[in-house]
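Below you'll find the structures, each written out as structure tokens.
Look for subunit A in each of the two complexes below; its partner is subunit B in the first and subunit C in the second.
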Partner chain A sequence: MEINEELIQAITRAVMKEIDKNGQSGGGSLTGKTRMMPKTSYKGYPQAVKGSDPKEVVIGVGPAFQKEIKATITGIPLDDVLQNIRAGIEEEGMVSRVVKVLKTSDVCFMGLEAAKISGSGIGIGLQSKGTAVIHQKDLYPLSNLELFPQAPLITLDMYRKIGQNAARYVKGEKVTPIESVNDPMVRAKFQVKAALMHIKETEQVDPEIPMIEWGKA
Partner chain B sequence: MKLIAGVDIGNSTTEVCIGDMQADGSIRFVSGASRMTTGTKGTPANVGGICAALEEAMDKVQRPVSDIHLVCLNEAAPVIGDTAMETITETIITESSMIGHNPSTPAGAGQAVGELIFLEHLGEGIKGQPYIVAAAAVHTYEEIAGQLNAHHGRLDIRGLILQADEAVLVENRLVFEIPIVDEVRHIRNIPEGKQAAIEVALPGQTVRMLSNPYGIATLLKLTPQETRSVTPIAKNLIGKRSAVVIKTPHGNIRENILPAGEIYLHGDREAMVNIDAGADKIMAALEGAGLIRDISGQADTNVGNMLSRIKIGMAEVSEEALDAVRITDILAVDTMAPVQISGSLAGETCMEKAVGIAAMVKTKQLPMERIARRLQRELMVNVKVAGVEAVMASLGALTTPGTQLPVAVLDMGGGSTDAALIECDGTVRTTHQAGAGELVTLLIQTELGLKSRISAEQIKKYPMAKVESLFHMRLENGQMQFFQESIDPRYFGHVVLLTPGELLKIEEDIPMEKIYNVRRDAKRKVFVRNALRALREVAPDHELKAISNVVLVGGSAEDFEVPEMLMEELSEYRIVCGRGNIRSSEGPRNAVATGLVLSYLGGK
Partner chain C sequence: MKKSKRIETLDKRPVNKDGFINEWPEMGFVAMKSPYDPKPSVRVEDGVIVELDGKARADFDFMDQFIADYAIRIDRAEASMAVSSLDIARKIVNINVSRKEILEIVSGITPAKMAEIINYLNVVEMMMGMQKMRARRVPGNQAHITNLKDDPVQIAADAAEGALRGFSEEETTTGIARYAPFNAIALLIGSQAGRKGVLTQCAVEEATELELGIRGLTTYAETLSVYGTEKVFIDGDDTPYSKAFLNAAYASRGLKVRFTSGSGSEVLMGSSEQKSMLYLECRCLYVTKGAGSQGIQNGSVSCIGVAASVPSGIREVMGENLVAALLGLECASSNDQSFSNSDMRRTARTMLQFMPGTDFIFSGYAAEPNYDNMFAGSNFDAEDFDDYNVLQRDMQVDGGLRPVTEEQVIRVRWEAAKAVQAVFKYLGLTEVTDEQVEAVVYAHGSKDTLKRDVASDLMSADDLMKRGITGIDVVKALAESGFEELAESILEMLKQRVIGDYMHTAAILDEHFQVMSGVNTPNDYMGPGTGYRVDGRRWEEIKAIPHIIDPDDF
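What follows is the complex of A and B.
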């Protein structure tokens, strides 16, 4: 079969007709809609400051974390994700602190920002869709200690281990990389959802307020 | 101008040396090369490696291989070495009587005694009875802490055993303090209702009560008879961070001596030695037996199987009949191997006694002429077999500056340690001893419990460091080394090997100090012992003091610490000993190849 522009246009017209008939376009047209969610203002929240506890691991969560987005890309509640990372850090005898990074939605920069204000120099970046990274304050932003790029494959057990590994970096112990599964289809399967979640998160970026304490967990 | 090539086929590498015959009859060395030996030493398969090495050497001087006037092959010593390892004891836990391991984060500290009860049955607990609770991983740490806190006032809870790695998490949520052991994999095998003692050591310490038979007796109120039977338990708990001992009527732990068997030495005198006696006794018996014709082991025992495996392997590679293969020398070394205890609850391991053996097999004359003919066909240059290996090695070694006759040459290779002594009048005495680099690798691999032979080989070859932060590491001699740019984060916290050009990390979680000790011990056990044995064999009247110079050659002489160890040892006998430096430039390698080129001069 030959695919040409005419054919694509014909298909598009047919699909649009169906959508209009079923009223699926979200109640009217998309014209004039520029955001997915209204912007939350964090004015008045306490700014995150540099910690002095050498046992501290700072978890830097994304701008939409636990607010506009409540669960990871596979639906794991973010409350549970955070609780498991913190449990992992606690089991290794270290202390955790959570901050919300508002200046960026990039996981590596979030991790680095968290590491920079961490008393130990070790931080964890955690996007609302579930992607995580362990970072150290002296590393370049795009390098890192450990990166967990495939959010759809991360389980709660792995989040616990991410917390444990971060704490082991603080202690200067030998860290065993976390066993994880790899699925080449995951990218294709979740690409659209990941893009939408990332847009949702990026919408909440606020360069004016770089980082706030996020005690809620 | 005639180009002469010397080729030395060793167990692991093939080396060549190219010499240029001057008009005045002297020789100028122009090139050399080293390649992996292809196939087993002394078989026609070697030709591939020889050609590659010759081409490499000739490339260096930009001449074709066909310019070579003559290729001299060494008359390789017809010995092939092999190694094997066998554990001779085994620890078995019958019923579940003991847990002793090193979870990374136990919690609390101290000892406790009580009756074992699962978390689910806490409701049925009796007031006033001390309990030790066992909780499976299905319960969350919140749940476990909540349950224990709820029962705390009513029941007397003394200690806790967890399946999950959550000891600290539970402890932080408890309103009372107890010792907690975690990461006990097979928690369901714990016998409920039995008395148990639990101990968690203080940070930086190891368990003290449970690694002491009288300590166990105190905690579990044992009779003198019972105390005797828990001694192996106590022995196995030495050095552990946390432990549980369970009092079961029949439960026990015992150390089985496997039927390790006897070694029969057929020599000038027949001798027999049990392998349990240890390496020293075996070696003494070997010496007592005089010249060895063959060595065999008791049938259907570990050592018997081990020796026959070596023979079968050798028969295959040398293409000889099995009964024609004779083991003419062995080197036995005592060692320990970490073995998983059968019946363990937390995957504990125990160091079992083991013995490593290197055996050397004498075969018929190696088919060097066949290799020579094949090489001649392939390269279209003249090839001849010239000279005995040991003599050639001595000739080559004499190109080391500062040497003089009489000189002893110690050739430490991969499979065997060879020694030769040349007197001033030119008489040569030689010997071949089993055991060299490969046995060291095997010892390192077993004692450290490494999965791969390759990492053991690398540990043998390179010094280590521990990466302590992203910007510095501590070298094995205690020095610190700092970096401007960060070390690759993958190496963080690891012990790494400092190979030229890159760092190699050791995956296993073994402290650097332990690797250091095992590595040096293995080298000492094999090389020092073998060097003394070999030199004594060739020394006049078997008297070491009669030797004045020893030149170390061969692959293992390149090792970064073996020559120093030997120097220290031999300085006691006032022997000048050092690593050879063939042709003032090659280091300890290429001695035989160089000797072959030189021998052409003499042969003319």
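What follows is the complex of A and C.
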């Protein structure tokens, strides 16, 4: 078989097409790769509705939660994260409900969306990488009751406390916020990973289906 | 494979704990130039830009439109675009071409052209450019004043010490958002106890920040964030137009404002549109200029971990600082976020702004130990003060700081802490005990101070906002509690808003409340023998570091 320029080009095209289809290139180079994961469709899932239970705290999780992303930035399984937040809420005698926010991947907006459909007006925003916020329906989007911006520092025990504090806001108690934690080296260690996880989450944003019930936990 | 001890040692070096990634333009992980960046172009019809960087007006997104309508001098556009990018790059480095001439040319170029120009410059040429294009003649510096406990007494004491050490601006933020009014008041008082005329701000959610400013509890604002793609703007519930309105709201009350941007944010938000970080940052800076802001805080800022992860990323950071200066904006050049485990790497990154000097080399420098820095850690912190002073002395460079004595530090921390205690008492806020004052004055950070009743503090801070407490109430509280001089200083700071001169580009105040800006003290550097030189009293001050050998001791 004669190897000419034309044949090489034809092979290159076929290979490139295959790469495009998979959305990834086999080797070390990332150039050409346009997605991290295929998009999940949530068509037909029940839309989240406004709750009427005044004891309710709604947890709004991110678009990739428990699907494309199964553990936080430090590897804590998201099943355990959710279980601890729910346990915290229930320990304070309140009721939890989980929804998946698909219209945004921003933690503050997720928290606010959850708060708006929560029977109590208190919601928790929870990104798949682990960043969390306690929000209230009548606050500015980028304001909050409590924000936990450094996901790598949040432990399961803290997630439980986040649930507890959210429930205490529902009860109208004088709440002592969870003590701030800070690691000045967190950016050096985790920011690239955070960017990649957030890209993964943002790829799953679907403005057509704003929010669905997410019973799975 | 048998292991090499050399490689094992190298693997353990701090720099290898940093995050690095290969270029990936499709996801925006590319510093200076993406294959998807547009080619520069402009077309003007009937005084309107109808084509910008290869895009027809009908296809403009809201950023293109804003930039075309407000950020480019249309009367200059075609002439400026006709000058080659290489020629403009050479003029930037050429000491015989004045800052004024360059500002004139650059006023008519497009964002893609700007990115192309910067791509011609290596880091030394960028530093040459900054030395000439910086707006204010004398460089400056800004501090972060925060702590893990949101302890207002520590904020006041650290602010006083920071002001004493030479910072012209001080910025605080909160661990818990509702502490904002306490932090703002403590910073306002503490700064003036350290050195008269220091400007202060409280970086929190925009509406709260505006309200604190309008009430006179802060004296400038910085956290008006802009982004390089339409999608990220929309995700932030914003447009260039809403930012322009917010800018005008501050201006209407006579407050100094600068915007904030920085490469990597679009990558981090997952919407980079496959463009390079530099090109997107150029768009941010054009929006900033178009919105009428006098200045910008940029240089990747909180996304520095992303910019620093890709090849030529730190060069890009300096490049975007230079773009700000080229557009005639005040540049507060970041260096404000930790990004590397390596002391060598973090110092090298800062030298790019430190050596040429920028309007604010840091924005800001952690004037507390980094564990207390609630911006998640700055590139330099309180433990680096003496290193920084020695760097100034070694190179005869003005980095905006000065050596101090222990006696001075304790004195100003004491006055600031006592003043906050008195103001809190006068205004009926939560109690500040004598024990707390004592602990804070002699502390290094919040690990050395007492615990506060957070729930009571937050209720008291909410109440303060409900009661409509303003800067004038703080002045009155100080005056009637025996702190007359401090009261007068804060009144002077409030008067600045009526005078309005400090809204000029790159304005800071000296200890007599006199404005020094890019307008009344412009940068006039044109090579050796010109521009700002470190000499006279300032050089004596820089030389006087502690721990100098006394020949008489031997």
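By our rule, the second predicted complex is superposed on the first by the 184 of 217 C-alpha atoms of A that agree within 3 Å, B and C clash if a C-alpha of one lies under 4 Å from a C-alpha of the other, contacts with A are read in each partner's own complex, and residues count from 1 in each chain.
One rule holds for everything that comes next: a residue touches a chain if its C-beta (ideal position, glycine included) is under 8 Å from a C-beta of that chain, and two chains touch if they have at least 3 such contacts.
Source: prediction; values computed, not measured.
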Subunit B versus subunit C as contact partner of A:Glu68, first or second or both or neither: neither
Partner chain in contact with A:Ser143 - subunit B first, subunit C second, else both or neither: both
First, second, both or neither for A:Lys174, with subunit B first and subunit C second: both
Comparing the two partners subunit B and subunit C, which touches a greater set of residues in subunit A: C
Which of subunit B and subunit C A:Glu90 touches, first, second, both or neither: first
Partner chain(s) touched by A:Glu113 [first = subunit B, second = subunit C, both, neither]: neither
First, second, both or neither for A:Glu203, with subunit B first and subunit C second: second
Touched partner set for A:Glu56, first subunit B, second subunit C, both or neither: neither
Touched partner set for A:Lys33, first subunit B, second subunit C, both or neither: second
Residues of subunit A at both interfaces, subunit B in one complex, subunit C in the other: 143-144, 146, 174-176
Residues of subunit A defined as touching subunit B within the complex: 87, 90-93, 136, 138-139, 143-146, 164, 168-169, 172-176
Subunit B - residues contacting subunit A, complex: 104-105, 141, 165-169, 172, 468-471, 486, 489, 492-495, 509
Subunit A residues touching subunit C - in the complex, by the definition given at the top: 28-34, 104-106, 109, 140-144, 146-147, 149-150, 174-177, 180, 182-195, 198-199, 201-203
Subunit A partner contacts - residues on subunit C that touch it in the complex: 17-27, 29, 148-150, 175-177, 205-208, 235-237, 264, 267-271, 302-306, 309, 337-341, 366, 370-374, 376-378, 381, 454-455, 458-459
